[in-house]
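What follows is a group of structures, each given as structure tokens.
One chain, chain A, links the two complexes that follow: it is found with chain B in the first and with chain C in the second.
== the complex of A and B ==
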């Protein structure tokens, strides 16, 4: 088990390094870094001083080694705009995204399991058709548009919910629902599919024959066995949830890491961009390892 | 039951089309999706030459014109934007950009992913490993963030947008191709070709690639909706297409500031995105059922599916 975690962790570190190298070389190869790293309105003297200070006059492999050395000593650079450690800013925003993503994902999984199981008990029935259509719509809807329509209806027209910001419980409703929509749509289809095949398995007949109630059969027997693929897909979707978080945070002004990244990109605050990449990448790799370990807990046949 | 038998007995050429049409008729949603997509393609091809000029024509009197008014030309039926440009004309021109970019990106990712997959599957040299690790890195990171970073460094333009979208979708084709090649290269006809003295390049191009292509085309069809959504998100965030060019995603972004007094500016383009991706997904799920011999009866039987 421990050796498995170690192996996975080392693979993840290689992937993170690969990603950072990709970003590093992309930014260096596409022209003068000081024009990229510094705000657009900085002077020529500032640019030259910046280039000397950060060693852009050196050969590119030296620059990369220096960059790695800084990383090892946990120096992630300063934010040009806020004049403090870029990593500090990224770590400040990260919990906000984590909270939002966690609530949205929990909601999506719970709703998908209930809706998908009920739909699978009567395939082709009325509820099944409704659930299929809703889930397909959820999976294909552009989330930024759903967010805007949500604001239009609930904030502008009826004045029920705040348009943006954080604070009260009401601020959570729209971001969570918009973020949960796509994972919900995709998960319902997975739950429905696996439940359909689980419900036609012989052990369900046995359960029915020994006189168990419908609810017990569906949730106690069929669902438990079809949970594994659901966890797999949910894990993949959680990583993809970062995509949605960027959009949702931008539209609803949620102070998370997605909004931070977009703002940093627009303000050309490169150290912050790089720190947010590092934080998100690390979080995703940790998440992937956790999901693999969760398999072993859920399915005793799997051992590492 | 009679319908089922008559489907089987008609002559094979026209029979196949007939079967498709009969199955499509039974599934009203899939039929609606096909009709919508056909209309969209027609509008995209025929629209810009006809009403493309109107998309950039400013009209001071039609500024923020509300939809569904019959006082003006039919072109203003869905309203006009802040500069008085008719939404319908802009939707048609936006469709050309949106679908064009998505098509180019899907084609690029299919070609590069397919070629790299063929290499990674057939050769066991060091670069095969590098290609796979690269795919892992791209796969393991959220596609939108990756696209944002690359667009940030390369600068937003249509070409870069296509490159970025192709780059983030490429691993899917690469992995599928590689998996298929690994299986195909053990087959008898490959051994036969090797013993006849065919070069690796010839084997891959002439014997393996044609067999992988159908799978890739299926994935490409499925991927089209995803790419449209990705492009719209990027354009919405302002890192996709740049003015004066625009796509549906950029149109939604433009209207965002006028939600309170002109909701239609960002509502319609978003709705068209939704309808397009929904139609593509409906159609592909229908096609999946249709292509599966064990499931096809669901589309052929007249009665509702029994328990």
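== the complex of A and C ==
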């Protein structure tokens, strides 16, 4: 097990370094950021001075070598916009996204497992149809639309919840539900599909013949054998959320890493782009290793 | 439904119905302002950046002078009076009895420090952009008298100094700060990734503001900001979109300092022909185009807004006359002008609401007039290459979508940039016009305004270097408990001391 984790970690480090090199050159291809940081009516001399100050006047390969040299000493660069450590900025924002993503995914997984399992017991029944309708709506409705409608209904019309921001438990309700809706929609279909095939498997018939209770058959036998594909899809969806729930963060003013990354890309704050990608890439690699380990826990046939 | 489920639903409903009090504003003297964007830092040398200026300017930091929003003229602030000693030297009397928020006295030395900090070149100072390539030097004469010398005659030095925020001499000179200390009526209480808080400074030299605390937060979505004011979560938000300005009681339209236009590259055929440039102006269905921007916008005839010294109210915007436009194009063609050559209209994504739609409509109108115009929309970083000199050599004949901001009271912040041969955005190269501009810049008083008006008229009628479109409108939503109205300066500052509470 430990050697497997070690192997995966070493592969991940190589991948992260490759990713950072790619991001470094791709961001620089978009041009000199000095035009975005200074007022439009700044003089050419002021722009040249700005480029000199931040090293943008150097050839790109020199900039890259300097970046690598700084990386060795864990110096991830300064944000040109905020004039402070880019990694510090990324690490301030990341926990906000992580908390939101995990609460939303926990809610989506829990609801999807319960709803998908019950729907699979009576395919075509009333509950199954309702679940399918809700899941398809959740999977296909645009996040920003749901978010804005939610604000208009729950904040503006009924004055029940805050429009946006952070600070109290009430501030979590809309962002979590909006963020959970799409994963719920996708996961409930996966759970339903895998449960349908599991419930028609011979070992379930045997369990029924042995007189086990329905609850025990569904949640004790069929569900456990149906969880592997659910974990695969849920892991993929979680990685997407950890990477930044940009729309939800933007609409609800949630100070997460997704919005930070997009703003940094638009403003060509290169050090922040690199740091946010490093943080999210590392998190996704760790998440993938956790998912692999979870497979082994759920399926005794899998050993590393 | 199980007991656990019932408890969960009840708890959620209870939480939802009781927590509103946490975020709703009470009727105290604290207000919340929601801005469209997070400030990158709180550096007083960056107050010309909208989201920095709206927090700091006139609140935490002040300048020697302040521009009157109605007349465009400089008024006393930290300077009580000023005189022109000679062509290149101005003498300022500093207001006595003023203290910085850290308790130190305001002196001529402190003002000189702030000027040196801005002009020293040891850090990026956005406000320096207003000085162009001018060089200035500040020398204290005594504790409350300061001489400011420029490298050329500068009749509008008091106007220029309205962008020099005076900071405590303890402020670092080599890096932007997030904890500014100025002389304003409010001092910084906190600044983090989610908000900025200001609180009233009891040692302020002027009248005590009604507002005691101000909390600034930011949301990029206009509809969310408007909703926050509507629900009472916030008290004021500037720059909401026209479609969100739906409540006449709380939403105020105001002429901001922006003028939209298309710049014509006069150096390339067929745009180097005066008939083509006139045709470009005449071909537009201005009435139809106005519908994209709302009824409140004002058609522009020049690149500076009303209220700016040198703005000519008598100068008429171009009328729509597609038939005459087509006739001018035909006449130019007959004279050998390559009117079929491709002209590229370079637009900027997101430059202002409906900006892309406006460009598409204008291209269609120019095509109808017989011109071969195609549209290219660029992001700001690429677009700016075409805005400023040196222009890309391979550019061909180009028209450029642009928006110019002048809220500094004087046409000197517009005319030399656009119409002088050396101007950063100029495509005009006319030594006679250069001379007229230099003369206007060196004069003062009524002659200055008269000269600027003549230059705007020449640019409109004889040179036709651009297609002025609209003096733009901003919309601000002001909560019902506040008594305050936005004006032309709102894009750069929201003085809390001017905000009153109703009842």
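The working rule: the second predicted complex is superposed on the first by the 261 of 304 C-alpha atoms of A that agree within 3 Å, B and C clash if a C-alpha of one lies under 4 Å from a C-alpha of the other, contacts with A are read in each partner's own complex, and residues count from 1 in each chain.
Quick note on the criterion: a residue touches a chain if its C-beta (ideal position, glycine included) is under 8 Å from a C-beta of that chain, and two chains touch if they have at least 3 such contacts.
Please read these numbers as outputs of a predicted model, since none were measured by experiment.
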First (chain B), second (chain C), both or neither touched by A:95: neither
First, second, both or neither for A:243, with chain B first and chain C second: first
Partner chain(s) touched by A:45 [first = chain B, second = chain C, both, neither]: second
Partner chain in contact with A:281 - chain B first, chain C second, else both or neither: first
Partner chain(s) touched by A:140 [first = chain B, second = chain C, both, neither]: first
Partner chain in contact with A:152 - chain B first, chain C second, else both or neither: both
Partner chain(s) touched by A:253 [first = chain B, second = chain C, both, neither]: second
Chain B versus chain C as contact partner of A:168, first or second or both or neither: second
Touching both chain B and chain C, residues of chain A: 30, 36, 148, 151-152, 156, 250-251
Chain C partner contacts - residues on chain A that touch it in the complex: 30-33, 35-46, 49-50, 53, 81-83, 92-93, 148, 151-152, 154-156, 159-171, 173, 250-253, 255, 268
Of chain A, residues touching chain B in the complex: 14-15, 18-19, 22-23, 26-27, 30, 36, 122-124, 133, 136-137, 139-145, 148-149, 151-152, 156, 239-240, 242-243, 246-247, 250-251, 261-262, 265-266, 273, 277, 280-281, 284-285, 288
Touching residues (chain side chain B, partner chain A) in the complex: 29, 133-134, 136-137, 140-145, 148-150, 152-155, 225, 229, 232-233, 236-239, 249, 252-253, 256, 259-260, 263, 266-267, 270-271, 273-274, 277-278, 280-282, 285, 298, 304-305, 307
Residues of chain C that touch chain A when the two form their complex: 12, 15-17, 19-20, 22-23, 40-41, 48-49, 121, 124, 126, 128-130, 132-133, 175-176, 193-194, 217-221, 223-224, 227-228, 230-231, 233, 380-382, 384-385, 387-390, 413, 417, 424
